[in-house]
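Right after this note come the structures.
Two complexes are shown next, each including subunit A; its partner changes from subunit B in the first to subunit C in the second.
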Partner chain A sequence: MNPAQFTVDSRLDGDTAVIYPKGYLNNLAGESLVAECGRYTGKGIRKIVLNFGGTGLINSIGISLLLQIIEDLRTIEGTVCFSNMSKFQVDTLDMLGLLKHLRIFPAESEALQYLGAGAV
Partner chain B sequence: MPFNSIPAIDFLNRESELAYLRRLPEVKSDGLTGNVILTGGRGIGKTELLKQLYLRLFREEGCTPFYYSFRTANLKGNYFARDYFARFVRQYIAFLRKEPSLAENVSEPLQKLMPLVSSLGLEWLLDCMADFQVHLDNNDLYWQVIAAISVPVTAARKGGRPVFVMLDDFDAAENLYESVRGDAHGLTSLFSEAMKNSLCPHVITGSAAALEAIFADQAFIGGVERLRLGALPDDLARQLFRSLLGKLRLSCPAEESLQFLNLLRGNPLYIRNLAAAARKMQKDNLAEKDLVECYSMDVSEGETARYWSSVFSRCTGGAARKKAVVKLLMHSVEGGGMEGERLSKVLGLREAETGAALDELQASGILSDQEPLLQDFIRGLFLREIEGRTAEQVREAIEKKYSRAKPESCFELVIPMDLNAELVAAGAVEQIGKNLGLDSDFLSFLQLALIEVCINAIEHSGSHDRRILLKFISRADDIEITVESAGRPFTLDSLSAVPAEEKLRGGQKRGWGFRLISGIMDNVKVERVGDRTRVILNKNIKHKEVL
Partner chain C sequence: MSTELKRALYNISALADLGQEITAGGSNFQEKIQAVLYVITGTFLTNKGAILACNKDGQMHILAQRGFDQLDPGRAAEEIKALARNEPCLLPAAFGADAGVAIGAGILTPLWVRDEFAGMVLLGEKFTADPYTAEDFELLRIIAAQIAVALNNHSLFRDLSAQLDENRRLYEEMRRIYHDTLQAFAAAIDAKDAYTKHHSQRVAKYSVAIARELGWNDHDIEGIYVAGYLHDVGKLVISNDLLNKKKPFTPEEVDQIKTHSTLSHTIISKINFPWKDVGKMIRHHHERLDGSGYPDALTHEDLNDGVRILTLADAFDAMTSRRAYRDKMDIQDALSELKNCLDTQFDNRILLAFCRVLDKEIKGELPEPDILPHFDRDSDLSVIAALLEGIIRELSS
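For the complex of A and B:
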């Protein structure tokens, strides 16, 4: 686990925003992640990849905020993909019965490829 | 009041005593003794036996039952006389009408019952009431007491049916007084006349030592038999505990854990209090370890502690002497063995005071050397009053004494309810897990479960001290994490386990915590300990080691 301070970086890849949450994903961190996504959707971006490669533990409030992001994108007919999740993170989502509601890819490039293929 | 007894079906093991007492009116009319001193340890069931007897007699016609408790009575002579008289009249009429409520309504002035008394054709009772009023008007205490004590005899004579008199905690009658305590010794001997009457069998309860002293008085000589109530046998003690847990909707421990009940020496009061402690601590599926915890709580700060504290406080003769009497008590528990003069010096009491205090302690029943529970209570009292320990420390000391399974290793940690404090807890788990050689994914799950419990405590407890106490116990095949915080009770089910689909559909995104905790851990329990909520997480660690 990486208990370091939470930060969120992002970049634009064509019409897709790639976001890198880093550290412990709790309520505050989750909210800044929601806000970061909001910054892109506010500009008309409807495709987002969340790269969890640098994310440590995700607590239940963090999870609820991820669901918030999915919901926000759904209302504007956008898509969110998750990538680079650790086995532990995937197992956690599985334990909650959430896997079938999420699009998860092993690598960021695969997520981008999926979205580039026109999936919305 | 005699009507608040437990259901007859729950009243165990006293058939022969009941049968014996029920025959007293007959025995007495045959000119035999017919009065019984009923003794037995504290809480053994003397009062309950009287209540059960009362109810049975109340439903029949053979004799009129009358119950009076001196424990709750106001012992100032004129209050006592009025109270005794009024209770008798009410119970008598209630019996004739078979209406318990007539006896229970003690706040209604007696005068209001007069029309009913007269409609029942009880002219003699109206006369008694008028006579009693004259004694009241004359402010004549002696005659008030005599009139009150003798009204059952008059009723038996005039009513044509024996009156069965039950005097509960009669030793307290020694403290009847006129205007200041101690100014009217010997009022108890006034009861001897009523006891001699062949139509009025008496059952009298109290501590054996105190009653023997009273009945050694010339006035009573030869007039009483003795009946001592014993403990419930082990199997019935267990049966009682099981049925009490059942009533509280708690599931019962396995038979071998119930061995622990032997410590209570078949005392129904202790057994009830232990069950109540289990409910209070929200213990279910009790294992022996839980019984030990409930017991320690009950004896240090629960019902049993309150019961004995109140008995004890009646022996101390004021707050100033309390510490000395606690020391005296402890000294006796530890086997005595110091002669009077030196002991008094150590305690800072005069020798006569020490002697008097010992007599009072003896009469109160607190000096019984048969009861391990009492010794635990007394040690606890000593730790608190003399050594200044907190109730919690006392509880832990008792718990330690009975804990068999010593944890292999135990860490404790207090964290503030601050931002990201749960990460500190998670860090501790990580280190402990590494020491145990647990694999890292497995550890991450443990950390997550602990984080969820901590977040829950922070969000829901509303705790004032804003601290969380954590305890990590690792055993050969199991790791146990305890998370305790003060504040409002909360349960983990309040974080409900609604299915994922339903949650998503309903737009309800919070509340995944409980699913995570229960998904990760093998066992999750929530208990209440005093004003704190305690969550206990268990996880089997066999085969989870890094290979």
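For the complex of A and C:
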């Protein structure tokens, strides 16, 4: 797959949307990830899991897009969880001081379990 | 690796991202600025950011923004210009309130390139609620300088493009006026002589058709078109009675009529045409290859292709039009006459090109025929086509 070509897949698991960004989150194409989250929240979904298994590089543009998603979910009192992040990605978020603001899980199933366990 | 070092690396990579977005080819300016805004908001971890540009008339407008509910900086330009240039500054929540700017707490960096105010970068409070650090200020200073140059370049480019568009429009306008003037002139010439209505226009069109068939470029074709329109402009100076005389001309009258080509040349010599040889073509449109023409009795090598084309187009139209003193020839006879006068009067190559283009027009091979529309409706096209094929075969062998 060409990493320059960023795509987004998604599925609904009960009341939770699981979203799979694929490719590098480093340019304007990443806006489609924000749009995909918006598509679900627009339908009343308030729980989102972002599975980063298919995403390698995140740069400042990618961080900016993530912040926007988190903010959008906060506004509607929803929750977003991150899963399957690489060590590089977790390190980056840690260095930026963002870890304490994010819910990060090693596996998608753990994120789903957390959200199913009654998180708003 | 220490967190500080990692953070420094992240900042450096943010600068690289910024450079990449600013210099990216293929994307339009709006996309570039949008990407640049993402780089900045991602670097400083804020969900509120905006990049604004200042117009030449001093008005601020938003190029890209996110997170600001109301951002109407239009009236705050003067206040912002008073701040230190390219220096990020912390804004009190009330900044710009008087001018209707709802920025809230955050950072404003006025963008300047030399002495020109280019716009500003606005950042809101951080997502993490942490304060902006001294390092943040330093980084923002560097980023702002890059954005300022990008905005300035874009506005220079836009000015240039606008100037170019304006020049192009003026040029087109001038061309249109030019052509209108030509047509008015031609109408005046042709109106002098009841029998030569539309003669100038037809000569122009026939000349263009031949020149195009010979592979001339568009600029030179326009030149011969103009020459065709104006070749008889000197007739304006000759009396109507003489031009419309039905009885044969006396030798003195012939001499007087012959002055029209030099008169044409004198009249148009005052005009500085953008095309070469317009004057020459007009002055010599009655010259002949054997030197028996006028006004300068030039021969072969002194007569360029433009002159040769115009001469043939003029003669063909004269023959196929009715005159005060004679009826018109039909097309076949006129073609035969042109052929009979090869070498003495007309050039083989030019007649060949004329026959070829006329042949194509008759066969419907040209989308916009220049010659055929001027023929009588009862012209026998199959006979003409057969004659043309004969001439083409003979001249191309």
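Here is the rule we go by: the second predicted complex is superposed on the first by the 116 of 120 C-alpha atoms of A that agree within 3 Å, B and C clash if a C-alpha of one lies under 4 Å from a C-alpha of the other, contacts with A are read in each partner's own complex, and residues count from 1 in each chain.
Everything that follows uses one rule, which is that a residue touches a chain if its C-beta (ideal position, glycine included) is under 8 Å from a C-beta of that chain, and two chains touch if they have at least 3 such contacts.
These numbers were taken from a predicted model, which means no experiment stands behind them.
When the two complexes are overlaid on subunit A, subunit B and subunit C occupy overlapping space and clash.
By the touch criterion defined above, A:96 lies against subunit B and subunit C together after alignment on the C-alpha atoms of chain A. In the superposition on chain A, A:57 makes contact with subunit B only, while subunit C stays out of contact range.
Of the two partner chains placed by superposition, A:32 touches none, neither subunit B nor subunit C. Contacts of A:24 after superposition on the shared chain: subunit B is touched, whereas subunit C is not. Using the contact criterion defined above for the overlaid structures, shared-chain residue A:88 touches subunit B, although it does not reach subunit C. Of the stretches 97-105, 457-465, 475-483 or 529-537 listed for subunit B, only 457-465 runs into subunit C once the two complexes are overlaid on chain A.
Common to the subunit B-facing and subunit C-facing surfaces of subunit A are residues 26, 28, 59-61, 63-65, 67-68, 71, 91-92, 95-98, 101.
Chain contact summary for the complex, subunit A toward subunit C: residues 26-28, 59-65, 67-68, 70-71, 91-92, 94-98, 101. In the complex of the two chains, the subunit B residues touching subunit A come out as 419-420, 422-423, 426-427, 430, 441, 444-445, 447-448, 451-452, 455, 499-501, 504, 507, 509-513, 515-516, 519-520.
The touching residues of subunit A, when paired with subunit B in their complex, are 1, 3, 24, 26, 28, 57, 59-61, 63-65, 67-68, 71, 87-88, 91-92, 95-98, 101. Subunit C makes touch with subunit A in their complex at residues 3, 6-7, 10, 13-14, 17, 27, 31, 34-35, 38-43, 45-47, 66-67, 127-128, 130.
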